[in-house]
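Once you scroll down, you'll see the structures, which are given as structure tokens.
The following pair of complexes shares a single chain, chain A, combined with chain B in the former and chain C in the latter.
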Partner chain A sequence: MEDNPTSWFMRITVTILFLFLLAPVLLVFPISFSGDQILAFPPSSWSLRWYEALLGNNVMMSAFLTSLGLASVVTVLSLIIAIPASYAIVRLKVTGSEFLFNLFTAPLLLPTIVLGLAILIIFASMGLLATFTGLVIGHLVITLPYALRVLSVSLGNLSLACEEAASSLGAKPLAVFGKVTLPMMAPGIVAATALCFLVSFDEVVITLFLTGPRMTTLPVELFHHVESQADPLVASVSVLLILMTLAVVMIVDRTMGLTKAMASGRAVSMSTVADAT
Partner chain B sequence: MTTATFDMPVGAQKPSSTAGIAVALLLPIALVNAIGFILPVFNLARMSFNEALPGGGIAEAFTAANWTGLLQDSFYIELILNSIMVSLGITLATLLVSYPIALYLHRASGAWRTFLTVLVISPLLTSAVVRTYGWIALLAEQGPVANVIASMGFQPPRMMFNTTGVVIGLTEILMPYMILSLMAGFGRLDPKVEEAARTLGATPFRTFWRVILPLTLPGIALGCLLCFVLSISSFITPKLMGGGRVFLLATEIYDQAIVTLNWPLAATLSMLVLIIFGAALAVYSRVLRMIEG
Partner chain C sequence: MMHQTIKRDGVETIGNPHLSLEGINKKYGLVEVISNLNLEVRKGELIALLGPSGCGKTTTLRMIAGLIAPSAGKIAVGGRDVTHIAPHGRDMGLVFQSYALFPHMTVAKNVAFGLEMRGLSRADIANKVAKALSMVQLEHLAERKPRELSGGQQQRVALARALVIEPSILLLDEPLSNLDAKLRDEMRTQIRDIQQQLGITTVFVTHDQVEALSMCDRIVVMKGGLIEQVGTPHEIYERPATPFVASFVGRTNRVKGKRTADGCIRIGSSMIRSATPAGQDDVVVMVRPHRIHIDWNATSTEQDETANRTAAVLSRITFIGDVIQYHFDVDGSEFIVEESTKKSQSSHRHGDKAVLSWSVEDTLVFGADQ
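Moving on, here comes the complex of A and B:
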């Protein structure tokens, strides 16, 4: 790096802008340890009272459990639905597969406020509002496009050689898929799993239209709480949300690193071919 | 056994059975797409031509009353213009604060670049509610930002429950999108070209204005399109930081749908957002053609 005034000016500017970008997220951590009754920064004293308040808050805790269950169900269903779909689009190359891919990923192009309202009106007539089923379908609408995109890219990048070898050795199509294609898609499946879980767990706008007092998720409950009173309880819930995301990202990083290391040895994929036949 | 099936590659079964399998594989995703996307969106478009009755009732009709009413009501005209102006302002502010970071990242290399890129992406993984709450803490009346301004001897302005707060919050929230778009468009920016300009005697400012900026215009156009579209449809931040005093398209859609229960009007406003999306896309492709051509 050259040490002229321009580069120093650039570095200082970039540092300030990074602070601006990260300040609101970083601020949540100290506030969650506040000992004050109301939101203030810096807090006048420190304590764990807002974490205790969170554990004692039945509404928040049950919303957290709902979110956890919802995200898990949505993730599993997304994989079950999107893996066959990506196979049909990428491998079987059905007629109009490009159109189908665009159609199935189109929900991501709509603003969530419009999509949320549209789903609300339809679900109201079907009696699906404030039900677990309604939330699952609502979330699938936006997790499936992500899953389909990630899985199609993953499948498209795989060389056909192993699958062809397995089927030429006499493996049935289903065995080829189960014992060759699916294991080789593992990195894509892990990425899709993480993405679907995070998208579902963090979704607010569409969920806001579909929840009610009977059934609510953590981000929605958090939104309503901030709307009425922005106390440090929000900070402790936020820390919980951030740690959750961090955990998912780290799990993916570890598994992906692992699968990549495993896939790098050609021996592994060759042995799966042998296994399938 | 091996020789018998040797030249039969995967997916080369009889065409009719392949089609049958494909339909079966695509049926679940098509079902979700139909129930959760196609049907709701067409129904929403239809809803904008229904008649709203007082008290949340809806009369099946085919009237343009919602549309004409919207364009004759000065409150809504102002709301629409205000939404567009605020979104343009947010887009410009986001561009100004994102450009230096994107340029710096483009020039960085190795682990440092990876680390900074992770820092840029990490806010994207944090809920908009959490980040908006962070801004509420920062910009509150006795908050840290107000204290810093007061300590410099100025009267701190009101930064919460007005447009200022919404602009600051959304600018920060949209920064990662802008930075990533800019970086995607910076591919044409070769350090050798900058070096050439500097060796030939151009000042840093002139190098930026005549070399760097023109080369990065496609990235700027993409980032601006994305940020404009995201800010005009954003809901969480305007709702929480506006405190019911900032009226924008997205917050009005929510209020009409949930509070007033006027679904035909909410549907009409939603369609309007989609029309603005289309217009923004048209402007973008024109601008792109101008840059490239």
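Moving on, here comes the complex of A and C:
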């Protein structure tokens, strides 16, 4: 295999592809250490000033903390809702569950901007704009479809036999769920957690409609910052975002192997996975 | 057709059955996979469900376990109607055809599961688990995960997991199919011993006739969702109710014949007798290959009250180790005769003439339409 010319050809192609995809992202790292006043590559001098600026920037830091808290809360809520929901859909086949599944996953198909606009109109009348609650609900609309899909696929791939064995061994339905179904869904749950967290953490389109001066998230603040100023601060913020994403990916990889986790969520289109990571 | 009336639809009442199935019917959509199944199993009995692939053995077992509901009929255990009781309330131990071990638990945890559900103390559980694992010779693998075991080892864990709870009814779905011949023999004896010791009523699904004959008190032969015959291994083998049973359990010769006015049966130019008066004109005659005696020197085919005799010509010899098969031509019908091999085999050749004889009692006769 090692000496096979086609395998070398494959390797070189893959390397070039990776560079092509990752180069813009990698560029952010050197720029974040720029000593210049404006965004340019290559920087004429090096410094840590934009990291200091980031730490000193109260708006950015509070936006970061908001994003972190938001993504965590949204992820936990998504799981709390999607785990029982996927069980009801896949295992119990409750009447109308098919319909609910389609309803829940519909936001994936809608143009996000239309969704954002619709949520804006509704939330405006309810006073939910620029509130944490509003953001949580808004993000749930887009994370729930992911969680539901990943978990339903993961549950659907589990053979019923283990659950049947458990119940024939005397386990009541709740014990079967807790001791057999849930642990066996673990790969799906880890994948869903990672996806929800990442989707929420770098969501921009819908969030743009829901944030305000009182409350904003890191990607939205970054967006606003780029609009008004062209300094390398955006690079240091981007590094922060990338590191957070990497951290999540590493945790998933450590706990179960990334490919395995993502494979259990293969119903989610590749583009959305790439999007989220 | 006396044989047919014995238990053709499996209705055989025994006093005070432990497990009883009454008029069980199972439909998937419009397809009926089990039709009007009636069966009674005594306390402590080991009964085999024997039949070809797809005949409904697993389906029947799953209905007993409560994993699927019958479309019609009643299932009772010890007189209590359990038809609508959930699996966890039935106190049955089930070994799945696919093992269904919990992949996230160690072997010991798997075996302990049923005991934990029953709320036993830790010490009791550890004790029983160790005993169950040593019984299936797996104590050294207690801390492994199922995926780190071979198929046969997994099968034994599944067996230990079902046995350890000492269920009132044990349901085994081909529990030995993945073991090598030696281990299978050992496990057969083990299962039988444990089952006898604990007196657990056991339903044993298999498509291996040797397993059914050697281990079980009674055998239920199934075909296409119907019970063909219920009986002891001896009855099933010696007095099969249908041609299907005769050919599914053990080997048999099968030739066409015609009943004559005097009650004899004509096969080609030979006339034979049977102990069972078949009522039809066209009949099928079945004789087990090893019940036929070959007389290489005799020429007389004189019949008497107890034995059938017919002249035959040797057409082929097949040597299969323990036995040697002689294929004879009897007026255009083929008869296979089996003899156990001896070291100094007398040499017979294609075209040799002989007289075949077998007892009238060993002559099974069925209507040709069966």
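Rule of thumb we're sticking to: the second predicted complex is superposed on the first by the 231 of 277 C-alpha atoms of A that agree within 3 Å, B and C clash if a C-alpha of one lies under 4 Å from a C-alpha of the other, contacts with A are read in each partner's own complex, and residues count from 1 in each chain.
Basically, a residue touches a chain if its C-beta (ideal position, glycine included) is under 8 Å from a C-beta of that chain, and two chains touch if they have at least 3 such contacts.
Treat the numbers as computed from the prediction; the structure is a model and nothing was measured.
K.L.:
Mind working out whether A:Phe101 is in touch with chain B, chain C, both or neither, as first, second, both or neither?
P.N.:
A:Phe101 contacts neither chain B nor chain C.
K.L.:
Looking at the overlay, does A:Phe223 come into contact with chain B only (first), chain C only (second), both, or neither?
P.N.:
Only chain B is touched by A:Phe223; chain C is not.
K.L.:
Let me test your reading of the model: by the given contact rule, A:Phe197 touches which partner, first (chain B), second (chain C), both or neither?
P.N.:
So A:Phe197 meets neither chain B nor chain C here.
K.L.:
Please determine whether it is chain B or chain C that touches the greater number of chain A residues.
P.N.:
Tallying touched residues of chain A, the top partner is B.
K.L.:
Quick one: classify A:Tyr51 as touching chain B (first), chain C (second), both or neither.
P.N.:
neither
K.L.:
By the touch definition at the top of the document, which applies to A:Leu241: first (chain B), second (chain C), both, or neither?
P.N.:
It touches chain B, and chain C stays clear.
K.L.:
Using the touch definition from the top, say if A:Met184 reaches chain B (first), chain C (second), both or neither.
P.N.:
Only chain C is touched by A:Met184; chain B is not.
K.L.:
Which partner chains sit in contact with A:Glu164 here, chain B, chain C, both or neither? Use first/second/both/neither.
P.N.:
Touch partners of A:Glu164: chain B and chain C.
K.L.:
Is A:Ile31 contacted by the first partner chain B, the second partner chain C, both or neither?
P.N.:
In the superposed model, A:Ile31 contacts chain B only, not chain C.
K.L.:
With the two structures laid over each other on chain A, which partner does A:Tyr146 touch: chain B (first), chain C (second), both, or neither?
P.N.:
A:Tyr146 sits against neither chain B nor chain C.
K.L.:
Using the superposition described at the top, list the residues of chain A that contact chain B and also contact chain C.
P.N.:
Common interface on chain A, chain B vs chain C: 164, 167-170, 173, 176.
K.L.:
So in the complex, the part of chain C that touches chain A is made up of which residues?
P.N.:
Chain C reaches chain A through residues 65-67, 86-88, 90-94, 96, 98, 100-104, 113-114, 117-118, 161-162, 165.
K.L.:
Give the list of chain A residues in touch with chain B in this complex.
P.N.:
Interface residues on chain A, with respect to chain B: 6, 10-11, 13-14, 17-18, 20-28, 31, 39-42, 80-82, 84-85, 87-89, 91-94, 100, 103-104, 106-107, 110-115, 117-122, 137-138, 140-141, 144, 148, 160, 163-164, 167-170, 173, 176, 198, 202, 204-205, 208-209, 219, 222-223, 226-227, 230, 234-235, 238, 241-242, 245, 249.
K.L.:
What residues on chain A touch chain C, complex-wise?
P.N.:
Listed in rising order, the residues are 159, 161-162, 164-173, 175-176, 179-180, 183-184, 186.
K.L.:
Quick one: in the complex, what on chain B touches chain A?
P.N.:
Interface residues on the chain B side: 1-2, 4-11, 13, 18-19, 21-22, 24-26, 28-30, 32-33, 35-37, 39-41, 43-44, 47, 97-98, 100-101, 103-104, 116, 119-120, 122-123, 125-138, 140, 142-144, 169, 172, 175-176, 204, 229, 233, 235-236, 239-240, 250, 253-254, 257-258, 263, 266-267, 270, 273-274, 277.
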